[in-house]
Each structure stands twice: as C-alpha cells, then as structure tokens.
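Before anything else, here's the structure in question.
By letter and in written order, the chains are A, B, C, D, E and F; residue numbering begins at 1 in each of them.
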Amino acid sequence: MLVEFGGTRVLCAASVQDTVPRWRRDSGLGWLTAEYAMLPRATNTRNDRESVRGKLGGRTQEISRLIGRSLRACVDFKAFAGSTVTIDCDVLQADGGTRTAAITGAYVALADAVTWMRDRRMTKGDPLIGSVCAVSVGVVAGESRLDLCYEEDVVADTDMNVVCTGDGRLIEVQGTAEGVPFSREQLNELLDLAQLGCVDLTMMQKEALAR
Amino acid sequence: MLVEFGGTRVLCAASVQDTVPRWRRDSGLGWLTAEYAMLPRATNTRNDRESVRGKLGGRTQEISRLIGRSLRACVDFKAFAGSTVTIDCDVLQADGGTRTAAITGAYVALADAVTWMRDRRMTKGDPLIGSVCAVSVGVVAGESRLDLCYEEDVVADTDMNVVCTGDGRLIEVQGTAEGVPFSREQLNELLDLAQLGCVDLTMMQKEALAR
Amino acid sequence: MLVEFGGTRVLCAASVQDTVPRWRRDSGLGWLTAEYAMLPRATNTRNDRESVRGKLGGRTQEISRLIGRSLRACVDFKAFAGSTVTIDCDVLQADGGTRTAAITGAYVALADAVTWMRDRRMTKGDPLIGSVCAVSVGVVAGESRLDLCYEEDVVADTDMNVVCTGDGRLIEVQGTAEGVPFSREQLNELLDLAQLGCVDLTMMQKEALAR
Amino acid sequence: MLVEFGGTRVLCAASVQDTVPRWRRDSGLGWLTAEYAMLPRATNTRNDRESVRGKLGGRTQEISRLIGRSLRACVDFKAFAGSTVTIDCDVLQADGGTRTAAITGAYVALADAVTWMRDRRMTKGDPLIGSVCAVSVGVVAGESRLDLCYEEDVVADTDMNVVCTGDGRLIEVQGTAEGVPFSREQLNELLDLAQLGCVDLTMMQKEALAR
Amino acid sequence: MLVEFGGTRVLCAASVQDTVPRWRRDSGLGWLTAEYAMLPRATNTRNDRESVRGKLGGRTQEISRLIGRSLRACVDFKAFAGSTVTIDCDVLQADGGTRTAAITGAYVALADAVTWMRDRRMTKGDPLIGSVCAVSVGVVAGESRLDLCYEEDVVADTDMNVVCTGDGRLIEVQGTAEGVPFSREQLNELLDLAQLGCVDLTMMQKEALAR
Amino acid sequence: MLVEFGGTRVLCAASVQDTVPRWRRDSGLGWLTAEYAMLPRATNTRNDRESVRGKLGGRTQEISRLIGRSLRACVDFKAFAGSTVTIDCDVLQADGGTRTAAITGAYVALADAVTWMRDRRMTKGDPLIGSVCAVSVGVVAGESRLDLCYEEDVVADTDMNVVCTGDGRLIEVQGTAEGVPFSREQLNELLDLAQLGCVDLTMMQKEALAR
C-alpha cells in the first residue's frame, strides 16, 4: 500500500514466509522484521544507493529496527508460530516524517497480511493485539508542531517521534534536542500534541483497512 | 516519471550534477550513467535487498550497464561538457520486460532533464541526437510475440531485447536461446516485430514529452 | 579513561585531528564523532567480531550515532574550527547500560581533550557549553528502577535511556515498551528517576575531571 | 587448456563437484556455472584486482553469466544429475575478443570434463547435445571484420558477439552500436561473417579434443 | 586475563563452543582458533577501526594466524573432540611486542579454559602437551636486545619473533631484516637471547596459573 | 615472466606507475608493493575465487606482504623517487613452494622493470642494491629436504622459508613446527641447506636476466 502524508510517499508491503530465523526455531513463535530504504531520488538532491556503496547506512538500519520493534509491540507471536512477516517500507518521495509515515503504513500492510494468513488458516487466534501508528512532532520557532515537513524539520530545536497504540498508550518515544536542550514542560507539550495526532491516524488506518 | 507497460511499473528519474567522473575530466565532454534496481516486492515472491546482502547482483549490474550504454548512443556529450546525468530506474512492480520499459522511460526522463538544463543555460547546442526506445520480443509456443509478460517470458524459447532509435536504426540487439538454439529466420522475424513495436513507443514518448 | 558502573566497564578515549570531514570544510566549525564497539567477550557468551563479519551491526551504528549526537549538544564548534574530536567507546565488559555508561565516560574524555587542546592553543573561547551524562531507567516487575543490570534489563517491561545536561535539561529521551505499552504516568515516573540519577553522575564527572 | 587467438590467451579449466546449488536440489538435474576473470597485467596498463577492491565489476559478472548461459545451451542436465561443472576462464593476456575466446575454449574444457566423468560413470546418457563456439565481429572503417584485436575494437562502430552451435544455429547474439546506430543490412553482414567464422572454430575444437 | 609487558597491555580471553568448523566434523578432533585486534587508540595516534572499514587488514590476519598456529602446537585435539576454543587477544595499549605478548597471555587463557572444561568433563586425557610463550628480539644500534619497545622497534635493523615451548624447543621463528640483511651469527645471537627470555616467561605463566 | 619449479608455475609481472601512495609523498622516495594470488584451479581441487567471496584470505595477504617486504630489502628507493613498482605474482599451477617461487621470479621481473625504467631515464643511480631469492626447506621423515613438493609439504614436521640476498645474507627466516617442535640443531641444518639452494637460484636468475 502507498502511504502519503504531505509530500512524503512511502510504499509499504508485507511478505509472509513459512520459516523463522534460526535463533527463533523451536520457540513455538512467529517473527516479524522490517526493512526501510529510500530511493536515490526521493529527496531533492540525489543520494547514492546503499546497494552500490555495498553497505547499509546507520540511519537506514536505525529506522528499520525502529519499525520492526514498533510493530512487534502489537503482535502475539504465538498466533502464527513458524511464520515470518517481512515489512518493506520504501520511500518514493521524502518531505519529512518518513519513519513515522512508514510505521503508520506498515501497520496497515501488516493487518492486510494477517487477514490473508487467516484466510489460509496460517494463524491460531488473533495475531494483532492492537493497532500501531506514529507521528513526528517538534518545536519550530518556539512553537510545538505536528508532522514537520522537511523545511521545518531542518530548523526545529527539538524533534520527537512518538509511536502509539490505537488506544493511546506509548510504544516508543524518541526525543532529540537538535540545538538547545529541552525541558520537561516542552516534552509534555510535544507528547500531548503527538497523542492527539495518533487519534486521527488510528481513524485513517481503520478506514484504509475497511476498503 | 512512472512508466507502465502491462503489469510492469518503473520509476525513472534523471539527476544532473555539475561534475564528471575523474577519468572524464579535461575531456571537454559530459557523461551519462544509469542505475537499475528492483524493490524487494516488485515480484510475486520477495527478493532480498542487494543493499542488505552488501553487493550488487550480476543481473542488476548488467541491466544498469545496458541502460547507460543505450542512452549514451543518443547523446552528444560535447553539448553538456562538465555535467553528469544519472538516470535511476527503480522497478516498483515487475511483470516481464523491466529492462526495456526502463530504457524507454529513461529516455523521457533524460529529455526532460535536457530541457531543464537548457533553461539553465547548462547546454551548448542540442545534447540529444535522436530518441531511444526498447522492446522485448520472444518466441512462445513457436510464435513470435511482442512485449512478453512474466508468464510468457518463463516459457519462451528465445528471448530478445532490441534497442532502437526513433528513426528505426539499431542500437543494441540481445537475443538469447533459452531452450533450443534459433535460426536466422527466427531472428529476422523477431527483429521485424521489434522494429514495428518501436514505432509505437516512439510515438508515446513524444506524447509524454509534449505534456 | 575507564568507566565502571556495576559490572559494566567501558574504555573511553578522545583523539584530536586537525582536519574536518569534507562536507564540513570552509564552515569555520569543528566536528565531533563517536564510535562504539564491544569486545567479543564483553558478554557472557562470545559475539562474533564485526571486523571479521565485514560489516557493522545496526545496534553498533545506532549507539555510535547516539553518543556523537549527545556530545555534540554540549559543544560550541566555533571554538575549535578545523579540528575533529573522535570519541572511542570500547566495552570491555557488559552488564547492562553500556550506551549510557559510554556517554557519561565520553564526556569526561572530551573534557580532558578540550583541556589538552586549550594548552596547545587549538581553541578559541570555551568549546564546552555544558556537561552531558546519561542513565538507563526501566520498569521491572511494576517498579521503576535506575541503572538496570543485564538480568533486570532482559525482564524489564519498559526500558528508557535519558541523556541530560549537567543543569538538568534533556538532550535525548528514548523510551521503548519491551512487552506492554506504557502510559504517560509511567513515563513521568521514569523521567523523574532519571533526572535524579543524572545529578549524581554530574558530580562524579566533576570529581573525575578534578583529578 | 590454454586458448590462443592472436594476442589473446585464456586459460580454461573445468572442475566437477558432486553437489548442486541449493535451489537445484531434488530436481534430478545437474548444473553448470562459469567464472571469468582477467589477471591484472593481462592488458598493457595494469588493472586493480577485483579481490583487492572487494567486489566484482559489472563487466566481469556480465561475461561470467554469458559464458555460463552459452554452455548450458549445449548441455542435457539430466545426464549428470547431482553434479556441478564449474568452468574457470582466466585471461592471461588480452588483445580483443576475450569473451568469445573464453567461450570457445570453455567448450573444449567442458567436453574433456564430460569424458572424465563418463570414465568414472558419473553420467547417464550423453550430457552434450552439441558443441558451442563464439566469435566477435565488428564494423571498422565501414568494413565488416572477424576477430577484432584490441586496437580495432576501440575504433569499431559496431561490435557484435555471436555464440553458435557446431551446426550453425544461434545461441546468443549481442550487437552494440559503439558510435553510430546500425542498420538491418549491417547486422546481416556481420552475422554472415560470424557464422562462417564459427565453422572454422568448430573444426579447431574437434582437433583439440582429438588430441 | 590482562597481560602487561612494559607499555603493552593485551586482554586475552578463551571461549569454548561445543561445535567444530564444518571441515573438521567427523574427525574425532577439536579445534582452536585465535583472533587478534587492536583498539583504535592502543597506539599514540588513532588507527581506523577495521569494522568500520569493512575489512581486516593483512597485519591483523597475519598475527591472528600466528597466534592460532602457535597454540595449536601445544594442544592434543583428540582430548576435546567436538569442541572449539576461540582465543581473543585485544590490544588495549601497544608499545612494541604485541604479538608475542598476545601469544604468552593466550596460553594462560587457554590453560584456564582447559581447567574449566576438565571440571565440566568436556575433556578426555590432557589436552595440553606443553606450554607456549613468545618473545621479540632485535638488533638495535648493533646490539641484540630482548623485548623491544615501540621506539626501539622502529629503529631496529633486524626484528625477530620466537615462539618456544616451556622446555625450550622452537615452534616458530620469524626473523626479518628491516634495513640491512643479517648474518647467521646475528641470527644465532638473537635466538640465544630469545630462548633465555622464554625461560623467564614460562616461570611467570606458571605463577599466573597457580593463582 | 613465467617461473617454473617442479610442478609449480607462477606468472610474475612488474608494473611501473609514476605516483606513490599518499603516505609516501614528499619523501623523495619511490615505493614497491606486491600482490600474490592463486588461480582457482592451480591446485588439484578447486578453490573459490577471493574476488567472488569479496575478501582477501589471510594466507593471500600474508604472502603478498612477504613478497613486498623481501624485495624492498634490495631496493634503494632514492633511485626512483616518485614511482611505484607493483609486482603481480599469479600462481597458475601449485605444487608446493609457491611463495618462494614467487619471490625468486619477482626479483627477475623487478630487475627487468628497472632496466626498462633506466632506459626511460626514470632512475637516478642504481635502484638495486643486490639480488633476492627464496627457497623452502623442511624436515620430512626426519630428513632435511630442499624444495618440498605439495605431498612432502603436507607430511613435513617443520617447514621453513628462507629469503636470501645473492651474496648469502638473510632477509627473512620463517620456520614453523607443523607437528613436533624443533631444536636449534634442526634449525641450523635447514638453514645450511637453504643457503646452498640460494646459491643455485642466484645463478639461474642471472642467466634469466642475461637473456
């Protein structure tokens, strides 16, 4: 599925395989992993391909790990023992917030894949404990804002990514002072804004899945 | 630009850089290079990412080289001395003929980039000697066919990719016997079909550029 | 310098080089970068060397990036234009909290290096805006705890790393639900605990630097 | 065996292994693969070793794939189920036409290996459907020529490699316009020349195998 | 265990695994392998990490091989069939003679591991045939010296590493003329000195193991 | 030039480049480096290509370093300031003693290259201080032998490589106990034999260069 938030477009796809990684064998559990990547022309100036350079950059690996960890938080792995779901998030166009768009879209792709597996009787019970979405928030010119685009992101003092469940609890909070360190008050203000944003996203995910 | 032929969808983008590779310096000439890649879920069963494996596969490099070579055949490098055009062809969905779709779309991306460069007075004279397009043809069940989809491709006896100029001359001919070796007659029949197909493609390219 | 927190021992060293990365040239600014690594026998069961496998793992790169980002938050790069400080954090023994121990020790190594540079008149003004330290906190068996050792870390429901300045403001907050998502109340409790821990660490850093 | 064509010298060797690649298991078929490489001083100016650079160049992989594909066209894999033949083609000295010399020599090495396997009762029926050889042809100064040496190759307008069976049918045709696109007439002229050349090569292969 | 000789400090650790490399299976024998590495700041000027560069340097591999070979000379592999001992030698600080310090310390780590294995009944008979230690000797300013520090090493005319058994026999002799070739007399003088040094080291190893 | 000793055949070539490595610039000195490699079918059972595996093995790097170090011992680098000589030693067929054959042949290739440079006035004074050759010796079944072939090498108790100058002095001595440690007497016996062997090799080198 193709997720679009402002100028950001991410292609999210889930693939199901009937094996699990070696260290997971004989555990009676399934597995989920995610891979994030950006096309070389997703941004305004071209980036070199990581396949050509022969190694994954730190940013790519960090985001791939974040997406996988976030989605695993909503999965009951006993429900698809022996299977691995791989989520691919490929950024076709980037204008800020690609990692949070990827998580939000990845959940929809996962939910679709779970339906597909259920139809083939590959599951036992419900593999999805809840839903997952993510937003980016930040302080720009002293003001807290939701969903920073690239130009706002560059000048933000604080940048925060928040991953929530559909019922408003927190899965991951990553706040970073870009320039000036931030206070607990600013952190709280950003979290309030983020949790509100997640209410909207959860709604949109439900609509997308209903189609 | 997004090229679609049947179930095949390729994203083609041209980037302009105001340097040339080291070995091309002081030549008074520009350069053009191309990179081809497939998203892991472009096909029905997921392929591992080459960035994760840490090296480019032979097929990827071979097609990247073919695209670059084909486009360079229509470029007058004296007309943009000191600049490099990089063409990225990323296959979002694959159903046969991805390399020929990539070449056909890459020419349109290149022509757009040339216009962009001309507007910025980065060219001297016309960098495009002609247009370039490509088709795949093959023998399926004893019959010559144009634009094989994946299922036809798999059972084809002979598989041929033909790159033509807009005025019908040949830039590259690559014919391969998949099962049984082929005769000169079969080769000629396939070439006839390919050259006819290229007439249509050249028309479509013109329409796309007119928009 | 060797940092020890419980069973965790990290060797932190700062190296000064009188060049900056290419993209930083002509900026009138210095640079700081960090590299984190673990010896193969730092843990109870041996891990393969990343140098032998030929690539850096995602965890290693993520922590290296976190250390660099945290320390850069306390540096005024105008004060050592043209120089790069490289911080090496090598974990000799690991028992939980290696990344926060590394940041806390890295600041001391950096402060030492800054003194060394000042003595050689390589600085202009004070390069250090403030001090930086980090703690790990987590919820174990329903209870918030500071400085989780490895065994607590494994069973923690929520795991959080907090990077603070010496005067109590926040540089980085990374909280992750390991099992069950967490609430805003739990997040606040953990942050309170973390900020208290940082007061102690700042004191210890001052003592170490006084020696 | 050592193949010499003009100033080009290629060492071709076939190795037999009693396993097949994983994806080929349980197919009741054998496999054949080829690897092509050039010594650093095969050409007049030294090339860096691909083993030192740590990756295979695109040209090397492309030629390795071509050699393997060409030879597989003459093999009945049912006749040596469970075995893999690896053909190594190492260019000691290069003066044009290394890939076609490699294919021609590789067939002789393969036929030798098949005899060796037959003597050890590793085959069932005849693994060789026919013989394979290859020539390079090109247009130099408006004239079609067989077996271009390096100096001719550099100035050729069109360059074509043709792989044929011993009875004159086509396995692979690769024609490339180096400068000016070419016409169907020129293609036909080159193919006529190539097929004549292959008659001679087939004779030489028979003589070499008779020894 | 941490070995210190002058300004050189090497951390040596032995790890036991209950498998052997594939080529060693079904041999009824165990295996021993060693890995040597230097922390980036072990020397006075920082060296790049091999894990970051993505490949092991020649020097690192050469020393790892030497350590493994030297220790294997004192092991009876029938005594721990099916197990592999991996020796890690990590240089924290380097001031000449790191490879000989590593071998001497590695033996002690190995002997400790053998005791640990014996307690767990993982051995059959005595796996240690004898003890192993190593010294570096060299000619500095015309004079033979034992245990060259870095500054002496740099100006030495001849540099020699000698690996001995505890009873004075030779396992490995590596002498290299750094500037001027050397004579048999000089070689003999250096060997005399080395064998004396090894008597002392064997004593120290016994003391370390007695603790 | 092609060196043959028994069943061992090594192709040695010297290439001259008019630059030196970065760390050697502004030193007023030239440089010499060597690369050793084995063709996959040099031995009886095929070895994987290091270029395909994507990294150099430890043995390859160790021998490359030995060859370079040995030849540098006979070169006066002031005599070809600013130039680098690269020696390539490629083993076409291996039957024991490939590294010593490579050194002996590499000297001849180097001497040829020096003549070539002198003719082009690229040298100042004589770059060659003396000649260099190398032999392998070993103890087989209790008896010291010169030039072990592969079958002897495998069963040798002690294996030694000796690099000598043309006037009988030592450049490198590498003796390794394969099974049982060896005594000073055995070492001396092997060195006597090696030095005798080098007298013959020096003669052969002179003859080869006279041609």
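Operating definition for what follows: a contact is a pair of C-beta atoms (placed from the backbone, for glycine too) under 8 Å apart; a residue touches a chain by one contact, two chains touch by 3 or more.
Given the structure is predicted, the values throughout are model-derived calculations rather than measurements.
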item: Distance in touch steps, counted as few as possible, from chain A out to chain C; value: 1
item: Both-way neighbours, i.e. chains that touch chain C and touch chain B; value: A
item: Same vs different contact residues, chain E with chain F, by half of numbers used; value: same
item: Chain at maximum distance from chain C, centres defined as averaged CA atoms; value: D
item: Computed distance of Cα centres, chain E from chain D, in Å; value: 49
item: Whole-Å gap separating chain C and chain D, where each centre is the average of the chain's CA atoms; value: 57
item: Rounded Å distance between chain A and chain B, as computed from the means of their C-alpha atoms; value: 34
item: Per-residue multi-chain contacts in chain E, two or more chains; value: 54-56
item: Going round from chain E, first to chain F: chain order; value: E, F, D, B, A, C
item: For the chain B and chain A complex, residues of the former touching the latter; value: 11, 13, 15, 17, 35, 37, 39-41, 45-46, 49-52, 54-56, 60, 86, 88, 90, 92
item: Chain D - residues contacting chain B, complex; value: 55-59, 61-62, 64-65, 69, 73, 130, 164-165, 169-177, 181-184, 187, 191
